[in-house]
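In the two complexes below, chain A is the common chain; its partner is chain B in one and chain C in the other.
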Partner chain A sequence: MKFILNRLIYLLFVLFIAISGIFFLINKMPGDPAYGLAVSISQQRNMDINKALEIAHQMMGIDTGEPLFIRYVKFLNQFIRGNIGYSTYYQTTVNEIVAKSLPWTLLVVFISILISFIIGVYLGAFSAQKRGRAVDISISFVSSIIQAIPPFVLAVLILFVGAIKLRIIPLGGAYPVDMEPSLSMDFIISVIKHAIGPIVAISIPQIAVWTLAMRGNTPQIMEEDYIRFAMIRGVKDSTIARKYIRNNAILPLVASLAIAFGYMLGGNTLVESIFNYPGIGFYFGKAIALRDYGLLTGLFSLIVVGVIIATFLAEIIYSLIDPRVKVK
Partner chain B sequence: MMKALLKVENLSAHYIVKEGTIKAANNINLEIAENSVTAVVGESASGKSTLIEAITMSLPPNGRISSGKVFYKDNDILKSDYEHLRKIRWTEIAYVPQAAQQSLNPTMKVIDHFVDTVKSHNIKWSNHEIRERASELLKLVRLEPGTVLDSFPNQLSGGMKQRVLIALALLFDPKILILDEPTSALDVITQAHIVKLLKEIKKNRDITIIFITHDIAIAAELADYIVVIYGGHVIEKADTIKIFKEPKHPYTKGLINSIMSILSKDDEPKGIKGDPPSLLNPPPGCKFHPRCQFASEICKKEVPDLIKLDDSSKVACFLYKSAGGDVDE
Partner chain C sequence: MSELRINLTKGISLFKYNKKAFIGFIIILFYVLMAIFGRYIVPLSLESNFSERYLAPSLKHPFGTDYFGIDIFAQIVNGARTVIGLSMTSSFFAVLIGTILGILRGYLTGKIGQLVDAIISIFLVIPSFPALLIMAAIFADSNLNMVQISLIVALWLWAPLAKQVSAQVMSIKSKEFIEASKMLNMPLYYIVFKDIFPLVAPYILVNFAMQLKGAMEFTIGLMFLGLAKFDSTHWGIMLNYALYQAGALYTPRAFHYPFFIILNIILLIYGGIIFAQGLEETFNPKLRGHE
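For the complex of A and B:
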């Protein structure tokens, strides 16, 4: 319990540093974040650009006359209340955009990580057991190549083959436009169909990453005295492979698992953009293309928070599965 | 001598390393009598563990058995297939290797080690029965089953882990219990506990114990027979009492004198001069000849055989070969 409390205090401290970093980074960037909005206002209302800029600043809650420190305090104040910014392009709060996009990203990321981790761990452990044989060499050779393929390249490939040539997956979106979100079987099936493209694109390189990580961890474990002692006790090979080798080799991977989860929240910008999949990454891409500073800051903060929380969870999980961590 | 339960014939084993081959066990002949306690003593890196590992077919991956036979109940263990070997292991021959500190799986509770072992041998005990049996054994080794069974290995001290291993080894009442350095890496108090424990096991059970030690005092306290290993060869085997009263081999004499000199008030150290031989590049002939004050020409050329003397002790030394049957001093 004390361990968790300690980590929690540390977590809040890191969060504070990260959020402050983002604030100063964005505010020290050249250019005015409100400029884009001001241009559209001046065009719509036939207004002088300077006046439009003033209105835009008001809309975004930015007072350029205020010193940086006051703005920083205001930003922190808003952030703590859970208000992470305003999107000038979508003319709505970032919270609202997050609310409608985060579930899609979570769906894709969660399924991808689950699939790739399970397959990767099995493949890696299998490969390590057959160390040096043809099957091991081919698995690690293929994995080394696959792990280097960027997911967005796969995304283009999958879209081309699956949606254009074979016509088995839809071209984009999270569900058909003419469908109302509900819990009906039809809707769920169509959601899955739409998610398959991004999931496959993300999972394939990830499988290779986990395979290689697991394969790298296993031989070290196999030399441990407790493996030898289990063999001397006449414990069955299948039990040794499962409870003695895999369960110990997996430990370091679980930490990376949670961290990977955090990074994937924002790391699939290009994949989501290619599939037109309305997740966080898709809006992140839009924010960059449209110079939507408010949206960019908000999503950026969200991703950072995600990574930090995931790292925290990794430590907690690690302490739960590895009895040695608790004592320290 | 009673019937031999384990018989080792001309056993040789070596390790393959980058620099060449390490001949850690050479042409070993041994007979272990049923219900006896045998101590295998020798310096570090003399091939004690290799001998035991070869007998139990548990050499590390770079170890090879080059020749020999190991008979257990008249079957050659070295010829048995893996599945047969796996079944004999632990039910008939339980071997507790050195490094007790890392021999338990860190992600499994102590009780699960018992469960896995039982399940792997297809013994139809319910989980409750396994728990009962494990508790009984832990009590025997003076551990508190209530706390220890549900502990993870890292929550136990070194002495506790060693005792858990001994408890595990007794799980199926094996015929032979082999222990590699059961007391090293432990403090003196815990050592005394383990020695006492082994004495009780020896007294109360039909069990044959073989243990490796470099501590000749512990060997003297526990063993019926002592086997002295030097440079990968058995150089002497005799009753404990005989070996202490009347050591035959010059090396054994040196070994025994080295403890006696601690006990007596003699200021002059009586250790053995020189260093133990490298097994990678062993000297020709008798491995002990470079350190032996009695060495003659033949010792530098030929390896002496282990011969039986009139008092039924065995020694591998030319001093006795030439004396023939008249060693009876």
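For the complex of A and C:
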């Protein structure tokens, strides 16, 4: 219990540092973070830029007369209350953007991780079993080539082949614009069709990672005393392979699974942008391109929170699997 | 010192018995040579020639032509310079920061050691690519040069290396010969540079090769998003053009354009990966019998 509490306090500290870091980084920059919004207001309403700047400051809740530190305290206060910022470009709260984009990211990340983990673990275990044979060598070879493909590069390839050459997947979006979200079969099918590009682009490199990790884990476990003991006891080879080796080799991967999940929340910026898939990463990319610092701060904080929750879960899982961790 | 010499001779004879390292080295060498001499052998002409738009690969244009009728092969060759330059400098800085902080963390005890440890842990947890994008966006309008961009990239690459190096140093520092140096009152720099550094040196070399993958992914990603621009033939920028320039998305016959860029990106990263794997297999203390 003490271990868990310690880690929790530590991770909250990291969260605090990360959020403070991004706040000061953005606010100490040359230029006014509200300037972009002011320009668009002055164009829309045909008014003086200084007056627009004033409105922009009000909208973003920035009082330029205030010292930086007071603004920082206000920002933290809002953050703790769950209000993670205001998007100058979309002119709405970041919470609202998160509410409509997070489900799409979760859908893609969840399916990708599930598919890649299952396939990767099976391929890795199979490869380790046939170590040194042609199957194993070709699995390792293909995996290490696939590892060399950055997901967003794969995304470009899939988009070109799938959407432009073969025209079997759509060019963008999470579902057709003229369709109302509902639980009908048509809608679900079109959601799957739109998600397939990002899912494949994320899954394929992940499969290679899990395959190689599983294959690398297995021989270490084969050296363990309990395997030797099981052999001496005369347990069947196939039972040892399945129950003793595979299950124990999966355990350390389960914790990595939690971490992978956390990092994927923010790691798909490029893939989602390429497929125009309206998830967290897509809006993150938009915020970068539009220099929408409110949205940027909010989404980055959300991503850090996700990673920290995932890391925390992973550490708990580790400590459950391997009690030695606690002692350290 | 003798340890370092043994490592160097191992390094030279390494190619004899590690095929992976050899092939990886050849691939990287190929692109490095392309980066250095390529532009003299394959001159780049950026003049548009619309009658040759989106030509398929041929003898005259080995990788075909782009929207403006410019030879893609020439662009790839000329772009190698910034691709290799950026990723090598980023890896170099990442290894430099990671090694220094890793050795500090591993060797120092007390408050400073804890501080360094805290810094490493924070950088380990913060998701690096989003953080990199934010920094790049902030500095994007101030026309950074190659070294500055590399430093920003390296800032988000070094942490895992620092952690591994510190673990290595911690296991080395309790060895007898370090104790002996301490008893002989050798100065700290002697212990760090003559006793510890040669032992972690192969490790650092392996990591330099491993960092190349991350550095290439990061820099190509940055360029692809248009967050750092100083060379229109950088492969990341080319990939951006291949996708978004002049309705390329609606031009099925332009497929060769992204295809050849992607092929080169993957081949280069693959070279880095197997070079690193080969080195690791050769230098891994477990396989070598370090004690």
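By definition in this document, the second predicted complex is superposed on the first by the 306 of 328 C-alpha atoms of A that agree within 3 Å, B and C clash if a C-alpha of one lies under 4 Å from a C-alpha of the other, contacts with A are read in each partner's own complex, and residues count from 1 in each chain.
Here, a contact is a pair of C-beta atoms (placed from the backbone, for glycine too) under 8 Å apart; a residue touches a chain by one contact, two chains touch by 3 or more.
Please read all numbers here as calculations on a predicted model, not as lab measurements.
Peer 1: Which partner chains sit in contact with A:Y86 here, chain B, chain C, both or neither? Use first/second/both/neither.
Peer 2: Neither partner.
Peer 1: Who does A:A18 touch here: chain B (first), chain C (second), both, or neither?
Peer 2: In the superposed model, A:A18 contacts chain C only, not chain B.
Peer 1: Who contacts more of chain A, chain B or chain C?
Peer 2: With both complexes superposed on chain A, more residues of chain A are touched by C.
Peer 1: Answer with first, second, both or neither: which of chain B and chain C does A:F312 touch in the superposed model?
Peer 2: neither
Peer 1: Who does A:S144 touch here: chain B (first), chain C (second), both, or neither?
Peer 2: Once the two structures are laid over each other on A, A:S144 reaches chain C alone.
Peer 1: Tell me which partner A:E224 touches in the superposition: chain B (first), chain C (second), both or neither.
Peer 2: The answer is first: A:E224 touches chain B but not chain C.
Peer 1: For A:Y244, using the defined touch cut-off, is the partner it touches chain B, chain C, both, or neither? Pick first, second, both or neither.
Peer 2: It touches chain B, and chain C stays clear.
Peer 1: Touching A:W104 in the superposition: chain B (first), chain C (second), both, neither?
Peer 2: A:W104 sits against neither chain B nor chain C.
Peer 1: Pick one for A:I303: touches chain B only (first), chain C only (second), both, or neither.
Peer 2: A:I303 sits against chain C, while chain B stays out of touch.
Peer 1: One more residue to check, A:A289. First (chain B), second (chain C), both or neither?
Peer 2: A:A289 contacts chain C only, not chain B.
Peer 1: Taking the two structures together, which residues of chain A meet both chain B and chain C?
Peer 2: none
Peer 1: Help me check something: in the complex, which residues belonging to chain A touch chain C?
Peer 2: Contact set of chain A toward chain C: 10-11, 14, 17-18, 22, 25-26, 29, 144-145, 147-150, 152-153, 156-157, 159-161, 163-165, 171, 262-263, 265-267, 269-270, 273-274, 284-285, 288-289, 291, 296, 300, 303-304, 307-308, 311.
Peer 1: Show me the residue ranges of chain C that touch chain A in the complex, using the header's touch definition.
Peer 2: Checking each residue of chain C against chain A gives 121-122, 125-127, 129-131, 133-138, 213, 216-217, 220-221, 224-227, 239, 242-243, 249-252, 255, 258-259, 262, 265-267, 269-270, 272-274, 277.
Peer 1: Can you list the chain A residues touching chain B in their complex?
Peer 2: It comes out as residues 224-226, 228-236, 239, 243-244, 247-248, 251, 321-324, 327.
Peer 1: Mind pulling up the chain B residues that touch chain A in the complex?
Peer 2: 56, 58, 60, 86-91, 94-95, 97, 99, 102-108, 112, 116-117, 119-121, 152, 154-155, 165, 168
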